[in-house]
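The two complexes that follow have chain A in common; it is paired with chain B in the first and with chain C in the second.
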Partner chain A sequence: MFANSKSINTTRTQEYFKFVFRLKETRLFLFLLVMVAIMAVLRPDTFFTSQNLFNILRQVSLITIVAVSQTYVIISGGIDLSVGFSLGLCGIIISYLLDAGFNPVLSILAGITASVLIGFVNSLVITLVKLPPFIVTIGMAYIARGLAFVITEGFTIRVTNQFVSGIANEYVGPIPVMTIIMLVIVVIFSYILSSTPFGMKTKAVGGNIVAARLSGINTTRHRILVHTLGGLLCGIAGLLMIGRLNAGNPNAGMNYDVDSIAATVVGGTSMTGGEGSILGTLLGAVLLGVIRNALVLLKVSMYWQTVVAGSIILLVCSVDNLTNKDRK
Partner chain B sequence: MNGEIILRMKNISKSFPGVQALKNVSFDLKKGEVHALVGENGAGKSTLMKVLGGVHLADEGEIEINGVPVEITSPRDALDHNISVIHQEFNLVPTLNVYENVFLGKELIKKTTRSIDRKLMREKTKELLESLGLTIIGTNYDIPVRNLSVAQQQLVEIAKALFNETNILVMDEPTSVLTSKETEILFELINKFKEEGMAIVYISHRLEEVITISDRITVLRDGELITTMDNSDKNVSKDEIVAHMIGRNIEDYYPDRSTDKINGDVVLEVKNLTAKGIFDSVSFNVRKGEILGFAGLVGAGRTEIMKAIFGDFHYNSGEIILDGVKKRIRSTTEAIKEGIVLVPEDRKQEGLVLLMTLADNISLPNTDKITSLGTVRRKKKTSLANEFVEKLAIRPPMINRPIQNFSGGNQQKTVIAKWLATNPKLIILDEPTRGVDVGAKSEIYSLVNDLTKAGVGIVFVSSELPELLGVCDRILVVHEGRISGEFRKEEATEEKILRAAAGMEN
Partner chain C sequence: MKKSLVFRILVTALAFALAFTFVACGGSGESADQPEPEPQEEQPAPKPEPAETEDEPAPAEKREYAIVYPVIHQFFDPVTEGAEAYAEELGNIDLIIQAPEAGSVQQQIEIMENLISMKVDGIAIGSTDPEALAPYIDQAVDAGIQVVTFDTDTPNCKRAGYMGTMNYEAGVEMAHVIAKHLGGKGGVIILQDVPTQGNLVERLQGIQDTMAAEYPDIKILDVQSGYADPAKSVEVLEAMIEANPDFDCFTGIGGAGGPAGIAVWKQRGWTSEDKKIITFDNTDENIDGLRAGIITALVSQRQHMWGKIIIDSLNTLLDGGTIPEQNDTGVIEVTIENIDTYQN
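The block that comes next holds the complex of A and B.
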């Protein structure tokens, strides 16, 4: 009797480990550890220092926040190519209003509202006009970028507000405030995705929108919520970005769309929607950050860095696709 | 020479995740014969022919053509062996026109300019169709085939097959979308092909047609070959085929409803429901504990009527009255709140989120039951799923397995389970046994029967007449969006229903 229950326990533990090992997140984490280990050997003095490691974490904070937004949109069956210029426009609005002497709280709210509106309008056009997300968000990206140039007439606006630059540059002990904000967002959105009806419905909408609708889910409302929430995250990222740069630059959001998609996909989220995780996205973003940092420390030329980063993205995704037999 | 064996498929096995579609099936075909393949949905007929057509690769088994072993690993290989398959779902490019489809992949090229010779392709297609006496496409050679009727599209498929040199022609449910006139034309064609020595595999649900047209009849059930019958004298009886198909007597197959009297209150009344161009002035009612059947041809509007009641299809006028109260249902969310649920006809496209687990699929419309403080409680989710897995005998009882790895029957039970968990007053089942094995069918019938004992009203839409006759208390027939017949169980026959479905007077 006793022995019996014990053996059941062992098999359960074994199964649990098997399950954990089969998770994409675990494999990604192991890959990350390997990268860190290699670098720790190659560049012990420059790479494997707490300062450099926290530096990486701060560098990836912005992209992670944007990628969390992207992950939600992709899991719900869409794609958002406007995230970069959405956060760019948010930053420009905040810097412009601050520069013009407006109340900082109102300025920040105005900027974030702009990003929320961009997400909201994206989703309205996608769900009501029924245009493909790809087209809608590309169009919106042009509009946001254009507006940023309209506001600034192409110039960079200096940001001197203490609070704005503080949240992006200060530390709590050794940990950058920006990283703490990022981790809080990751925890909240990871929880929502994995443990709430909202998260479950997001996966259902992306996995099979017809079945979701026929299960009584208001899919239109749900997609609008996902995009609007995504806009909120872009807004927060926009705020942090101008704080980091101490300036609002109309081109600053460039590349964030592609980078956020890369982090999401490397993190194991399916481009066809329906499955994915925020933890994976965090690991994806950190992995890309470590690679970039490593290439800098290895003194690889800046142009080659991009080539190598792209190759690693393809490699990670190919290995994942070839080893995972569940997906076809 | 006619009568010679042209094709031999030996011990073919094929499995998909969660289901063994074919078990050791052997099948042969002679020149100049029509060999019918029958069996319930999910019996493996289409899979067997997809193996022959190079769409699926068999896990085990051999194929011989004219006594020579061959490997068919792609549709191209099948064509090279002069095998043409007309699948149930057509392989036409909807945006191309008739002759572009017919010559797809083997376009005729002008010698001088190396460009596509549309004129010649058009002429050749027209010539062929007219030589067969088919004027049905009329002058519509130049419009995209998606604008043609289904019957016309079928002819385009046949024309495509004939332009390839075809020795073996497979037709999967060719008449399911044809009118009786069009079916006659098709049968004349088949007889003509036979005389020319073509060997034809004919898959159909319509047993009368099978008996009329075929020389031999092979019955499959749950992926196994049951028997091959000689029908050269056209005297195989329908009952004999059916008994082979379901593997037991019909009396044991359907639940006994004769003792139940249905005199409960009306749970749903529909008055003059109309959606322009789709259905028109549809009126009926369903009582508590009643099973109301809906028959009709594909495209008659049954599915749309059901979706309208479920809040997922816009209607222009009419009333939906639930328990005596008039309701305007604008969304599926509202329908579910009112106690109306729908098991859709295509469970993979519409009923389930295939990536999700069994438990998650059951949870989807029941999130309120498993959530507290905004968080999904794993324990509640598990116990909800387990409760219904047990109740409906879903196998295997692994609630955290992705639903795509379950067999058709268990997937369908899961769709039903997710709705039972919402405590509905009225369950609409649209083709609930399509693609489900015989055992699961029988289980679904008795499940539906049990539900009526608890006072649930059932609307049962099906294209399989024996099933409707076996299960329902009353059957309505839909023809071109209107109700064209109503029969009580005692008076209903297949013939009466078919006539009503075709719009003929009874």
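The block that comes next holds the complex of A and C.
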């Protein structure tokens, strides 16, 4: 009888590990460990310093916040190519108003409101005019970038506000404030996605919009909410961006569209919508950050860095897909 | 069981593949798993030319310097070639060459942070945005790293000195060259690259001020930006030509201007006899355009000298010496007459 009980426990443990291993996030975490192990062997002195590890965390904070926004949009069945210049325009508006002597709180609110509006207008055109999200958001990206240049006339605006600079560059103990903000956002949005009716509706809308509508979900209102919420996250990222650059730069946010999609997809979110997780997106962003950091520490030629980074992303996604028991 | 085995094999393969990729791609002529530098005290290193201090002993210890460009562009190839050749000649310098892919400010900041954590001995940087990079240059200096700037200066920081072209003066020189070839009269259209890039802003200002002050019969008809994107630069230039058909001269302020001009001139069957291209920089494409009779003149920087000057300056600083705060390497007009001799 005792032997029988032990056998049952062993089976349960095996089942548990099988379940954990089947999680996309677990596999991604293992990939990350492989990367870290390689760096530990190749660059033990420079990679495993607290300075470098916190560098990586700070460097991935902004893209993670933007990628959280992208994850929600992609899970809901869309895509947002305006995230980079939405955060760029937010930063420009804040820095312009601060430079003109406006109240800092109002300046920050104005900038973030601009990003929220961008998300809102995107969703209105997508849901009411019924244009594909790809076209709408790419058009909006042009508008946002153009407006940033109209406001600045191409020049950088210096940001001297202590609060704005502090939230991007100060530390709480050894941890950058920006990283703490990113982790808070990840926890909140992960909870919303996995444990609230809003999250479940998001997955339902992205998985099968017709079925979602028939089951009583107001899909139009929900997609508007998702894009608007995404705009809010881009606004927060824009505020952090000008703190990190100590300046409003009209080119800031360049490549964030592609990078946020890469982090989201590497993190396991399906490009066809309906499934994905914020934890996966965080791991995807950290993996991309570790790769970028590693390429510099390993002195990989600058001409090869993008090739190597792209190859690693493809390799990780391919290996994961081949070993995923749930793949169709 | 079978799938589990497959997974383990694939993960192991991934680990080896990644390790191999990193090792195989160890850049700048160095292998990534290169052993720690061997002590070279016994090996006499050739003496570098001092920048200001004299009779300094040649630096014998291994030193690691990083050169960070504002963007990956062939304009900087002569800098890399010059620096690598000089580092090899000295024997004790390891070089790390880095640049953000598309002139991204954020990426250049990340490169700076990574170099600081690597504790390199010296950094030479051409900032994509001087305002944004200044605090990170200060961080490097505070961490004990010697920092110099080149190509684009970052004046409001703790960098030891700047070397390269004084861009406002280069703009002034460009205005004189344009005026000479136009005979003091005509219309000019100008294409910028990235309008926030400090060195380009200064060049443009130099041209505009000089034209206004010294050549009232030369009008700047239009100034537009191609954002350093080759295809976009061609499109913007074509639109400028349509909007200003009576222009006499096209001038590119940044690296994308010359190639865009050559592409448009070829497409329209123009040569320098029809409309003039007078542009910055001696890139391979511009030199070819000059030889083909499409470009009238180039105002070339002397970037082939920068690599050696950077290493000399960092060596001098590490040896306790000082360097000039501004080291103007100047510009030179290149035409078909001096195309083969101007670097002498």
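Quick note on the criterion: the second predicted complex is superposed on the first by the 313 of 328 C-alpha atoms of A that agree within 3 Å, B and C clash if a C-alpha of one lies under 4 Å from a C-alpha of the other, contacts with A are read in each partner's own complex, and residues count from 1 in each chain.
FYI, a residue touches a chain if its C-beta (ideal position, glycine included) is under 8 Å from a C-beta of that chain, and two chains touch if they have at least 3 such contacts.
Here the structure is a predicted model, which is why all the values come from computation and not from measurement.
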Taking chain A as the common reference, can chain B and chain C both be placed on it without clashing, or not? Answer clash or fit. fit
Return first, second, both or neither, reflecting whether A:14 touches chain B, chain C, both chains, or no partner chain. neither
First (chain B), second (chain C), both or neither touched by A:207: first
Taking the superposition on A as described, I'd like to know which of chain B and chain C A:321 touches: first, second, both or neither. neither
Could you look at A:218 and tell me whether it touches chain B, chain C, both or neither (first, second, both, neither)? first
Identify the partner contact of A:31: answer first if only chain B is touched, second if only chain C is, both if each is, neither if none is. second
Chain A residues in contact: does chain B have more, or chain C? C
Considering only touches as defined above, state whether A:311 meets chain B (first), chain C (second), both or neither. second
If you stack the two complexes on chain A, which partner ends up touching A:197: first (chain B), second (chain C), both, or neither? first
Taking every C-alpha pair between chain B and chain C in the superposed model, the minimum, in Å, is 19
Quick check: in the complex, which residue numbers of chain A touch chain B? 195-197, 200-201, 203-204, 207-208, 210-218, 274-275, 326
Chain A-touching residues of chain B, taken from the complex the two chains share: 310, 312, 331-333, 335-336, 342, 344, 349-356, 360, 363-365, 367, 371, 374-376, 402, 418
What does chain A use to touch chain C in their complex? 30-31, 34-35, 37-38, 41-42, 46, 49, 51-52, 55, 58-59, 62, 149, 152-156, 158, 169, 241, 244-247, 249-252, 254-255, 292-306, 308, 311-312, 315-316, 319, 322-323, 325
Counting only contacts in the complex, chain C reaches chain A at residues 3, 6-7, 10-11, 13-15, 17-19, 21-23, 25-28, 30, 32-33, 69, 72, 96-99, 101-107, 109-111, 113-119, 129, 131-132, 134-135, 192, 194-196, 201, 225
